[in-house]
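Next come the structures, one after another.
Heads up, the next two complexes both have subunit A, just with different partners, subunit B and then subunit C.
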Partner chain A sequence: MNGICRRGVLQGAAALAALGYHGDGRAGSAQHGAIPRQPGYQAEKPMTSYIGTPASRVDGRAKVTGAAKYAGEFNTSDLVYGSVVTSSIAKGRIARIDAGEALRIDGVIDVLTHENRPHMASTDAAYRDDVAPEGSPFRPLYDERILFSGQPIALVLAEEWEIARFAASLVRVEYEKETAFTDVHGRHDEAVALHPNGDLFGPPKPRGAAEHAFAAAEIRHEGEYYVPIEHHNPMETYAATVIFGKDGRLTVYDKTQGVQNVQRYLRSVFDMGPEDIRVMSPFAGGAFGSGLRPQYHVALAVLAARALRRSVRLVLTRQQMYGLGYRPAMIQRIKLGAKAGGTLDAIIHDATTVTSQYENFYRQETGWSGLLYKCPNAKYAHKLVRRDLATPCDMRCPSAATGVYALECAMDELAVALKLDPLDLRLRCYSDRDQNADLPYSSKALRECYRQGAEAFGWDKRSAEPRSMRDGAELVGCGMATGVWDAMQMPIAVRIALSANGHADVSCATADIGTGTYTIMTQVAADRLGLPLDSVTVKLGDSTLPQSPVEGGSWMAASVSNGIATTADAVRKELLRLAKRMPNSPLADAAPDEVRLADGKLVSRRDASRAVSIIDAMRSGAVDRIEQEHFTSFADDGSYAHNTHSAVFAEVRVDEQLGVIRVTRVVSAVAAGRILNPKTAASQIMGSVVWGIGMALHEETLLDHNFGRIMNPNIAEYHVPVNADVQDIKVIFVDEPDHIINPLGIKGVGEIGIVGVAAAIANAIYHATGKRVRDLPIAVDKLLR
Partner chain B sequence: MPRTHTSQPAPHPVLSRLPGRAGRKTPDKLSVALTVNGVAAQLKVAPWTTLLDALRDHLDLTGTKKGCDHGQCGACTVLVDGRRIVSCLTFAVMNDGAEVTTIEGLAANGALHPLQQAFIDHDAFQCGYCTPGQICSAAGLIAEGKARSADEIRELMSGNICRCGAYPNIIAAIEQAMRRS
Partner chain C sequence: MINFQYARAADVADAVRQMAADPSAKFIAGGTNLIDLMKEDVERPSRLIDITRLPLKAVEQTPAGGVRIGALVPNSDLAYHPLIEQRYPLLASAILAGASAQLRNMASAGGNLLQRTRCYYFYDIATPCNKREPGSGCSAINGLNRIHAILGASEACIATHPSDMCVALAALDAEVHVAGPGEARTIAFADFHRLPGDTPQFDTNLQQGEIVTAVELPPQGFAAHYTYLKIRDRLSYAFALVSVAAALEFDGAAIKEARLALGGVAHKPWRNMAVEATLRGQTADQAAFARAADELLRDAKGYEHNSFKIDLARRGIVRALTQAAQGRPQSQAVKRIM
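For the complex of A and B:
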């Protein structure tokens, strides 16, 4: 199977249902148009020149002037401020909660707890959002049970933020504590094994006889690789402002990657009608997967607004952000067997990942190994360990960032054992087919990524032996790795309203979390409608707009761009209908496919002199507005695999005495179909490389397992890369035409950039120092140990 | 249209805080005079209100961002009397008489500050949340006159975290603005 069902972000039948078209009135009149996904699209050349150009962000001015408003910034009079009290134990019950002292503070309005909160839904189904994993979703302030440290247990509501926060410190809690277990290591006999059949993202089916082939292989490598818990740490903390309307209807400004997902969740938790609650998120200050599911702050803010019948703002603190989802800790074991000539005989990839006690969150870490390289025998296993922690969630490139890290370090170690150049080994194992599904790719320009990346990096100047390159007091090392991610696309609806003055409003309930969605939507619409960029206004981040899936999985650029194309085609047809009715119309005989929109005109493709201006066509038809809303789905006959690829090259310098590691150069060569905007797309890759540097060298959520509590819940002790940690990053987009995947040939770039980066750096550190560190992050102490 | 759902919640049955209950007073509000982006502002704020919260909640200048409230991320960087500071680590009352410049005050008469234009030109941001702090910090950095090389800019801009990872573009943008200033 392809796409999301293999290992993607969405899970479960609920997710698939959520991707269908939700009937809530507005949708009823929309027309559906399925794009057949099979070979032979006429690769349409852009009519004007916006697609593929490095346009600056259309929301750039709003962001550099402070005009862009985020969820916690919609000020209104009579606002109530909330402050959350969180659990200090990881497991047990609240025996007593005393808000008396907090309530005595002037300006405190109320303190909500599980004992006095208003009604909330009482079934798991009501709390299950579009991307919820299997299990029993967390319900904030629902009852006295404590499931993880940092769980919200009370909400203080006050007239001022400082008062709420002070009063929150006065809420006294007594617990009946139980012993918590939070370590991914140990107790693996209690682990739950996931199966290829039955578990949605269980490991792929094996092929051949991997154990036997490994035992018989001429050259073997076996290694265990560890990735700790990591937290997203977007710069904006989670926040919601709930505006309580005069009619009791709620407008909720939330930080999210899916306004409609949040809206449906709130409706079901609070039993509200579709018109009673509107969720808006025009800007989100980073999310990286943490905003795919509704977070507890938005439920609490709505709970409070309904209780007080007032507008409420709730902003989480940076510390409280560590009570939300995270990248699960994982232990991976990889065995590679090879022939002495450098071809693979066996891949065995086992993963053990952590989840909460109440939901089974997992992704398919292991399958990437058998997919990527030519190898007749492959076998996978995935075990899930339940711990007294919050449920993990998707974090930038879930499964591949971690699974491919382990694979690509193992491949480097195999190259050493084979005495082969690591790049040469990748080329010897190169596959033109998805090895798991045994399918050809709709496009795969990875070979070109290797070539262009190596050339730009100067890979040929690398000496083979570890510790053989040096510059003063620093050892110099070069490492490389391959990256791979899915190219997915999701059903989506887009509305275009074209007015007679030649301005188009393009709307869809998607999100722009810094990805550049506003900008690429503007570019695609301008091209397809034949208008200048500044004649297009994009609206997104509003649950009342046409249906969109959550923004994630790198599927939004392909989905929404092709959605715009579908709707723009309908606008063109309507314009042609009007143009044909004009007296002596030069387009009287033209069929819809024989005309295009360019420079504000409907133009014959055969004879450019035959044209009608948009304005004339609309005026003659006596219409001042053409509005079309269409639904685009992506049929897939399953005969091709769709992936993005990358080749990552990294140079590190390691102080021989101190062990201080600097990543001085990274080259990332990416093959990801058509690039809509090389400027914003390069930023996506660059940012992902920075994430890879953090993953390799800095990021780790540290738990004190005695207390089941996170020890570094702040952005000073949870290290993320800062400016001084990042030096030269070069991004290359390799030409990769894809006439099969979708009409515009788009694959998406939000996630591919992180894959392989941590491995390339780890491999470079080995090359510099001769020391192989297999657990992340590679901090100084591990190098000197 | 008939409504099948209960949209109007019943008022919360018992407000935990009963009227007439003896209250514990919060600190008295104090007067603070600030000049913010060239405009005089007279505020009545509690002594525990940070300059950051005064800007965001009292003056509706939400361009200055809150990312950690602990001086760890730099998102709240503003210029106070020309120096860059993190506004979450200073109380509003400590700044009586100060001149504060926020991101909203950098553009003059609608024309973007060279740093703002350079950030757009070099795509030196993605989500935009750290951006006002980055730009104010860069303005302070340029005024300090200490940074001469890219390495020095990197070091002296390391108090401003960008989780989207736009750092190389931020350096390019600052270098452009430095060349033009």
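For the complex of A and C:
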């Protein structure tokens, strides 16, 4: 899970507009309404039986038996297979492209290039998807310009995939090469400074006089922290299968986190009507933010289908996936000034992040520093360096995974300077208010995360001095860090169709990218409709379903669950209307809020003996189906901050002579509102912790700056943790009731789990070895240096 | 990936005949490296000659008291074969330090000897590489060379040989049996792989058309005092930054015989018999091990990103010799360094 984000409040229509998300209000019968906000929702009585239980994935069986189909698996007769040719240079022009040899291969149908492609839109606006950053979006096969190495420059179309791939190796390209610059280091005089508070993702406004306070502080720490480019590497490679209908309409099976975003993009790029193209994505084998924007493969597959008037499948190779988005490389400088007693006087956080030459992608790394801890003076700066690379994109917990990594390492260094326990320092700087916006939190159980996490980990057994804990040849170290992320929610529409046999279809155009969305939607709907889990079928990943934003930012669980609740309430009201009309109805005088749905019945909350079964109500009203579709938005008067938090504790063991690092234990205590499903939620956190281990120790996209080219574009050489690297991980969800954020009190857990993990490990390595490594990944050469 | 022909060889003579008829063909056994290279257009064989049905799958004792390993014995079967586990645990350990269980199930003994370097530039046809395209230049020398050679490299190539198994075979003084258009012959392991010089396109001294039929181990297996210590960028499933195969035999407290081979540092498993000779007669102490390490690394040369390997190798050698001397070989299942 993953997504778009920034720190701070990002809710409601204004935020969506800022993100470029525009609903088209497609469902005619849909009713719109905002969930009211103040003074707070009544605490829900636990009438539920499924929410909060560790239900197994409803799609688990389909996934393990192969019944679940992914974008590259949908079949039709007469399928054409595509294979992409990518540029070998990072900057310049295609001087000549010769597909003659490829076209002579038996079975090759066509080779599309910028020279012969069919018409595509010619304005930037047409290519700007719901979550596009400012700039001129990349247009595949548009012209002869080369903007990054790995850019698609030709699409070979053949009757068989093997033929397409062979022919792709025969396309000859001559370039007029220009000197590319791909290093985040250097040429910072050309960097673009982002205006403080200039936009949603720019650095926040400063407060106080941070430079002065830093200079005057009793204890100071200053450090520079580096994070390299990282790639998402979801298991499933990007793929699209475009079914060319008899009527010329297209059904596009794509791997994406937002079918409607892709559908709008394709309509706009190819000037098609809303009914001419349908985008489906029932399952995705991981995406982590890489599927938020439409990727070039889907545009090329549609281009080919329209050109040939045939169905087309295009699957990218693992290597080609490194030509898509990535987490931008960044250099962060943090200055912390403190009183000797361990309270903060000044926070100064500067970030320099990389983007492409054609779009300004950035997220707010710096603001987390000023948000999290009590500190009167804070100042931020963010510079962008434009490089001859593809545009970066959101990757699991964008901005916080990296910004909080730097902050939490700096806090650890400050604790050392103050001779304070790192956890103690966090508690002394604890804030009950969002320090940037100066707002109270709708809920914040971080203190409890620290307490429960420290206890489960055995933090009190840590000795303060670095290099003071040892087990044989290994130095033992313990480190901790705080995590923080936004709790966002987005406007969303949900349709429920209840049939007289007591089965409900729940539908929404959201995505399940492996997170468990199908499962939690089923749980919420079953509870709200008083049905067993297997009487609920969830449909998602189809652009014709009720409107949904892209699935990212950890906002989907809260958004869609409350959306289901809204629509289910409407279903309940409709059932009550029918029940009241029954002769001698036991609910004749019941108000809508006085009844609930349970065990297939409408039941009075006051007197459980007064009940009408769903089936009887519908039969008596001669209704065989109740269908309701409602649009739910989340009113926000801006009086509360909404965040999730975590406390991460890590134990490492480092071979003193050889620098071999083992992460032997991680405890992650998370406060994220009400947990819908502790099984899928814990799985989210555990996966995040594994990724955090990779971020700390392994992950790095290696660029050869002479060629401007990624040299480890595969998961043998781009290292992620393997089983041996992952040992004991304990996940704790602390109780965090939130009666303000939304009626169900849900926040979302897709991202919070990765925040702080790399810092906790880096801090533990320092504690073990006395060596502070400030650039990731912490590999053996940096430790022995 | 190009189109290619596929043919199956019935026996060794047939395999050799087929290869002679089509010199741009390749033998394929497990294919765990070749297929990847074909997908990247690094290898472009006109034909694959499938040798998986050749009768080269036995592990058997030789009359001389050694063990002969058929070229098609899967790496997994070899690592878990009782003869190897009991008499040559160094070999078993090195095999299990490499790749993943799935790859070891597919990969053959002969194929392991013939795997190609993991140099990034060798794998990317968009960049110059003398090993892939002689005369085009070495991109690694002034590029990303953190994983590259510190010993025996040349101006033309600084790639390393990626095998773990071969490091153990080098330490154990194995021999390689080959068949070909000419007489069948035997190549000492030290002479099987070669240094790059100005012809880095050749990884080995196999002649065109030759096929590995077996690897033979001499009787001495060093089962009491050995270790295979591999240091890499994660705890499993990564190629060695530095690996050390160490084997000792004692006469009382004195070292009677020492074997020391390094992986991940050169174009071939790196051994220096003169250095091993200096350990003979000495007691197994840190000072002696450190002297041996310094001696073995005396000519080591680092490039921009890989100088750390010299120090890492020195530390690794001392540790590995310590493990071997103490009879506490590195476990490949438990990732803690012994």
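Here is the rule we use: the second predicted complex is superposed on the first by the 754 of 785 C-alpha atoms of A that agree within 3 Å, B and C clash if a C-alpha of one lies under 4 Å from a C-alpha of the other, contacts with A are read in each partner's own complex, and residues count from 1 in each chain.
Rule of thumb we're sticking to: a contact is a pair of C-beta atoms (placed from the backbone, for glycine too) under 8 Å apart; a residue touches a chain by one contact, two chains touch by 3 or more.
Keep in mind that what you see is a predicted model, and the values were worked out from it rather than measured.
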item: Touched partner set for A:V111, first subunit B, second subunit C, both or neither; value: first
item: Which superposed partner A:R467 touches (first subunit B, second subunit C, both, neither); value: neither
item: First, second, both or neither for A:R785, with subunit B first and subunit C second; value: second
item: Which superposed partner A:A67 touches (first subunit B, second subunit C, both, neither); value: first
item: Touched partner set for A:R451, first subunit B, second subunit C, both or neither; value: neither
item: Partner chain in contact with A:F166 - subunit B first, subunit C second, else both or neither; value: both
item: Touched partner set for A:L658, first subunit B, second subunit C, both or neither; value: second
item: Partner, of subunit C and subunit B, that touches more residues belonging to subunit A; value: B
item: First, second, both or neither for A:N723, with subunit B first and subunit C second; value: both
item: Contact residues of subunit A, present in both the subunit B and the subunit C interface; value: 162, 166, 317, 716, 721-725
item: Touch list for subunit A against partner subunit B, complex; value: 56-57, 59-70, 72-73, 75, 99, 103-111, 116, 118, 160-163, 166, 232-237, 248-249, 267, 270-273, 275-276, 283-288, 306-309, 315, 317-318, 513-516, 679-680, 682-684, 686-691, 714-716, 720-729
item: For the subunit B and subunit A complex, residues of the former touching the latter; value: 3-17, 21-26, 46, 48-49, 53, 56-57, 60-70, 72-73, 75, 102-104, 106-107, 112, 116-117, 119-121, 123, 125-132, 135, 153-155, 157-171
item: Subunit A residues within the subunit C interface of the complex; value: 88-89, 149, 162, 165-166, 169, 317, 319, 473-474, 653, 655, 657-660, 662, 697-698, 702, 704, 706-707, 709, 711-712, 716-717, 719, 721-725, 779-781, 784-785
item: Residue ranges of subunit C touching subunit A (in the complex, touch as defined); value: 1-3, 39-41, 118, 120-121, 124, 126-127, 139, 142-144, 146, 231, 233-238, 241, 305, 308, 311-312, 315-316, 318-319, 335-337
